[in-house]
Amino acid sequence: MSTAKARWAAVSGHSLFWPVVALVALLVANTIYRPGFLTVEMKDGHLYGSLVDILRLAAPLILVGLGMTLVIATGGIDLSVGSMCAISGAIACLHISRQPDQNALGGVLVALALGIGLSLVLGAWNGALVSIIGIQPIIATLILMVAGRGLAQLITEGQIITINSEPYKSVGVGYLLTLPLAIFIAAGVALLVAAVTRRTALGMIIESVGGNAEASRLAGIRSARITFLVYVISAVCAGIAGFMVTANVSSADGNAAGLWIELDAILAVVIGGTSLAGGRFSLSGTILGALLIQTLTTTVYAMNISPQTSLLFKAVVVIIVCLVQAPAFRAKFARRRPVAPVAPTAVDQSKEQVPA
Amino acid sequence: ACGNSDTGDTPADDGKLTLGFSQVGAESGWRTANTNSIKESAKEANIELKFDDAQGKQENQITAIRNYIQQKVDVIAFSPVVESGWDTVLKEAKDAGIPVILTDRSVDSADKSLYKTFIGSDFVKEGKLSGEWLVNETKTATGPVNIVELQGTTGSAPANDRKKGFGEAIAANPNLKIIASQTGEFTRAGGKAVMEQFLKANPKIDVLFAHNDDMGLGALEAITAAGKVPGKDIKIITIDAVKDGMQALADGKFNFIAECSPLLGPQLMDLVKKVKAGETIPQRIETQETTFTPEQAKAALPTRKY
Amino acid sequence: MSGRQPVLTMTAISKSFPGVRALDGVDFRLFPGEVHALMGENGAGKSTLIKVLTGVYSHDAGTVELAGQQVSFSGPMQAAASGVSTVYQEVNLCANLSVAENIFIGREPRTLGAIRWGEMRRRARDLLARLDLHIDVTQLLGTYSLAVQQMVAIARAIDIQARVLILDEPTSSLDATEVEQLFRIMRQLRDEGIAIIFVTHFLDQVYGIADRITVLRNGRLVGEYPIAELPQLALVEKMIGKELDVLESLDEQSKRDVRAIEAGTPFLQAEELGRKGSVTPFSLTIHAGEVVGLAGLLGSGRTEVARLLFGADRADHGKVAIDGKSAPLRSPIAAIGHDIAFCSENRRTEGLVGELSVRENIILAMQAARGWLRPIPRRRQDELVDKYVKALSIRPADPEIPVRNLSGGNQQKVLLARWLITEPRLLILDEPTRGIDVGAKAEIQKLVVQLSDGGMAVLFISAELEEVLRLSHKIAVMRDRQLVTELANDHTVDADLVMQTIASGTHHEGARA
Amino acid sequence: MTTTPLTATRDWWRIPQRYVPVLATLTLLLVMYGVGVSQYRAFSNVQVVFNVFIDNGFLLVVAVGMTFVILTGGIDLSVGSVVAMTAMMSASLLQGGMPPAAVLVIALLVGPTLGFLMGCVIHFFEIQPFIVTLAGMFFARGMCTFISKSSIPITDPFWTSMAQERIGNPSGNFVSISVLVAFAVVLVGAFVLAYTRLGRNVYALGGNQQSALLMGLPVGQTKIAVYVISGLCSAIGGILLSFYTLSGAPLIAVGMELDVIAAVVIGGTVLTGGSGYVFGTVLGVLVLGVIRTLITFDGSLNSWWTKIVIGGLLFAFILLQRLIGIRKK
């Protein structure tokens, strides 16, 4: 019995326990409201159902979240991801729309390459502002957040570019092995990022830079390069997400594509247990957070919660998830345990400052 | 860019009219068409245009109007971001003797002397036309007709008014029932995501009413993916009549569009000249608008400008 | 003394952190008008006991009585209000506030709620003058060195009209004169009837000022002794819990043999190296296998010399040659590329990454040098970490806990381990023994000897002159940010001579006698 | 600077490091104004400057509150929504026939209450401010649409007179009452930060929370207090906005938090906390205001170019500030 208890303690103490609980609770609530919510049926050779939708729609958020996780781990933040989604989607759609044969694979590949290339440039811009010039990340990326929307509209000339390209469309709504292609892309990028950070020492070095930049510098880490790198990674992730967002509706809308995705991504990262102060990060947590947020959005639609209350609903869910996840909150409501680890986190969590 | 003037010469001196125009933003293709129309017709009418994009913020528009007053433009025109809250700045314009024209959206000032005229579409009417068409279509229906509605951005004037007009019209037939209504934020992606869930939650949907073409176009994809035939299994009514929407209508994927024309430019320039010349003009000028059925769309499509 | 009532009684205090039992049924008494030394090895629980007392940590069991009344402070604010004033182990002030404010924040002189800045500055100046510190109190605290910050923290604590004054390793970054200044004030306060808890690893200081000693070991109470009944050696035995051979080396005051090292090309040759506003250009050579000690008063610029040689600050004057070849040390990376390692004095801000585990902190520099694409295999990491956790007796010996949960001294050892595994050719140690207990200190000193015997060059900076004298082949004396002279550390050199050199700024032949 | 002898300039130039960012902002603001005057007709009118204040009064008030929060190292994303919520509530209560005085009181209570709740969650449960205030932002915006889906006009005579009262000189230049309120808030804010314990605790908290705790400062109270102050400033800002627009609209002040944060940071306050001044924030707000004025005066920019230009100006600005900062170090 005591081992069962210990195992329970270990499970419930895991940082992802509460997000999982919230996710399950949302799914259950949906199923109660509409028993068919969880059913997944076969239609035209692919799976069809709300769960599949959630996965497909969460794919861009997962992508942006992955990049955002790395940025946040270095103690930064990237507000410009939404604009970058719009830009990469816009340039890709623009290129395709100019092709004589929009279904030609070659043209689509060039379009994707253009989008990624532009993302690289924009990521490098952000990275340079933060790591070379030393501007605070939130402000450095605010510049592109504002100007980026303008750039996207400049590319589309304010119009919505509609395209009719099957290969491009498949990025957003195509299917592979009965599942949406977008899921595979997101999973692929997630695996890649995980491998690059955890199979190499990059992850630890990022955490070290985020935990204490000066100490990392003195340990011989090229902090500036690492910081630069994470903004580039974030931009590329956002770029790919931009393809999905635009492919989903076969059109590029410079104004609406990826709107507010930065807030959702930051939320996903935090729900996933990565501290905004930098340091330790969890990619799986971010993915879970993204799924939770998408499920929340879908729930609002599926339960037909009125637009007036949907924001209130979102506020309540966000705060509950963050509350139950917070160690301090749990400590305060778990007094029955004999040894409650209270203050130490309170004392040591504050970022250490570097004297001038 | 317009700092071309070599000295501090007042551009108004050359007898050219100056119009200060404050646009809502560039949030949709419709809006861009509207902006282009105004810019082009200003050029054609030989009116100097001071253009400002408020990026969806009322504060920015008020700032712009105040600056136009300082610059002593001849006429001020703007598309208000929201309906209320203009009295103060309009009064300042009035005191400075600058006439104001509203375009596209109205303001709710009690004092109608604060602006010369309002030129634009009637959103309520658009909703009403859509509803009336549906009532007419379903005259013969015996059972209930299930309608889902894709609303525009919550709280925006077009969304409120179109909903209102549509609701009033369909009240004529008790069989017509809105079974679900959710905001799609006027975007294709929003329309699609919401429609996907509508389809899953409601086995029988007969009609979709979308507050603009874009949401309708997004919903199209969701309907197709669900294995239904848009235009047949589910009838689609939208508002705006932008090019993509008209194409869908011509292809029979949409069933009805109530037009909301962005091409206000020529009419506006005309008014500017009249106002400056001191002519009296009506308080309310409606843009020339129509409705489209698939056949009409096919006919109109080749000559459409936007 | 037993006839009097203790002002503070802590009974059966227990405190656990996840995985560590930091305090286990500890009793502690404190009488008015005494200086009570709290002794123990790194991680014995001294700082934890103090934090429990002042309410930073809540305790799991036990009671605290202040002047006969049971108390349980919710935090330092309440403790201060009840007359318990504390200087915590790590300098805990706000670098972004002025010196004056750091002293008075929370107790600012006010009229009608408005702070009287002038009055505050005046009082701050007066107070610091008592500690013989004459600095601009309107400057931000962060612009001063750690030692000055430490003095400011002390000034803040003694200005509070306290019944109990707690000083957790206040002297670790002070030099001899500063310490004497502090002691003078402590005695004065003691005579006024204030009870003082004093934590330090300097045994001489304990015997110089304390009246009684309480010894902790591994979170347990070993005993409470009047100073007269506990000779130095016995104290160390009590702290360590056994008789160790390191104690011999501790007693052995003779300095190491100075071998003739200066032959062949030096490992490092700095010529007129300097940086404006930091150090006057200096020249220094270090040979392989040589230990060069840097001696000087607080703020004399020793840290700056170290930082220049490591590229942590960029020199704007002079040049450096390594193995006889010119090698501009523009960044830490460049220095590391030349096998130079640097243990900085401020481990919290410039050394460790608190959130990362002990293991990750230890391998950090080595990993950085390899580049992120070539991770050190996990097995190799474990081997290396294991070896140094044992060699430096880092406790708790769990390499996977976050390093911020380690006690101050153990953190210092982790930092040292980080650089030792990179097997540098020149090791720069800035105050490596600060905050380290006797046992570990002797270990580190032995290590320095071993390393230099093995051919490593060491630049050794320490506030303890004895230590410098014991270890160095050559002593460079700093004064006013200037390297004034170099002394070959032969039998003629002793502490007095070095002190005289520091004092006069020149090295007179006549001084040797 | 290069020609004057070094010895003479030395002392003059030895401006304490902490004032450098603010001075950099001030210099650049003046440069921008100079550019405007030289390029555009009527830019030199005094009223143009007054208009910048009139149009940004509420922003200024909110920014003062945000300065407090950012000085502690926190952030408050809820301000824009709270401003809108306050305006909505006032409008709807006035529409319901409540007397203006009562409406003022209620409106001024709601913002601080929400701030208090957010502060408590941040402090007691140690959840990051970004998240808590993001939830607060959703909540307040949700309340707006909950109150009414469409905008509510205000016809109350008191409100109208507050909105349209012109305080000016004979030559026709004027400011609104909002500007006076904003100035009062700025002065109070500056005083509190510089001359009260609360203010100094705010700085200490931003410098190093752990130290502040160990120095025995009321960390929890201070932390909660800044969110209450920010809530109060947002509430005042909301009321000023409702004076300004004489209405409450559910979608007003969307994205205002970003403008406010940008203003505070441009004003030299460091986002990690501990360093900055209310005066800097005033300059930051003015910078944003002047940028907008420059763009309208130009009046030839395409919609998307406006955004690009604002982004570009922001960049140029931050870059210059940064360069000047480095130079003077």
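Letters A, B, C and D mark the chains in the order given here, with residues in each chain numbered from 1 onward.
Simple rule for what comes next: a contact is a pair of C-beta atoms (placed from the backbone, for glycine too) under 8 Å apart; a residue touches a chain by one contact, two chains touch by 3 or more.
What you see is a predicted model; the values in this text were computed from it and never measured.
In terms of C-beta pairs in contact, A-C outnumbers the other of A-C and C-D.
Subunit C and subunit D have Cα centroids lying 44 Å from one another. Chain centres here are Cα averages; for subunit B and subunit D they lie 33 Å apart. Looking at subunit D, one finds that residues 17, 145, 149, 207-208, 210, 213, 274, 302-304, 306-307 touch two or more other chains. Within subunit B, contacts with two or more other chains are made by residues 25-26, 31-32, 35, 154. Annotation for subunit C: residues 56, 95-96, 140 touch two or more other chains. Pairs of chains meeting the touch criterion are A-B, A-C, A-D, B-D, C-D.
Chain contact summary for the complex, subunit C toward subunit D: residues 56, 75-81, 86, 88, 92-97, 101-102, 105-106, 108, 110, 113-115, 140, 156. Remark: subunit D residues 39-42, 45, 47-48, 51, 54-55, 59, 144-145, 149-155, 160, 163-164, 241, 244-255, 289, 292-293, 295-304, 306-307 touch subunit B in the complex. Of all residues in subunit D, those touching subunit C in their complex are 17-18, 191, 194-197, 200-201, 203-204, 206-208, 210-219, 274-275. Contacts from subunit B toward subunit A in the complex involve residues 25-29, 31-32, 35-36, 151, 154, 180-183, 185-190, 192-194, 196-198, 200-201, 214, 217-218, 221, 225-227, 244.
Those residues of subunit C whose C-beta lies close enough to touch subunit A in the complex are 16-18, 56-58, 60, 95-96, 140-143, 146, 149, 310, 312, 332-333, 336, 342, 344, 346, 348-356, 360, 364-365, 367-370, 372-376, 404-405, 418.
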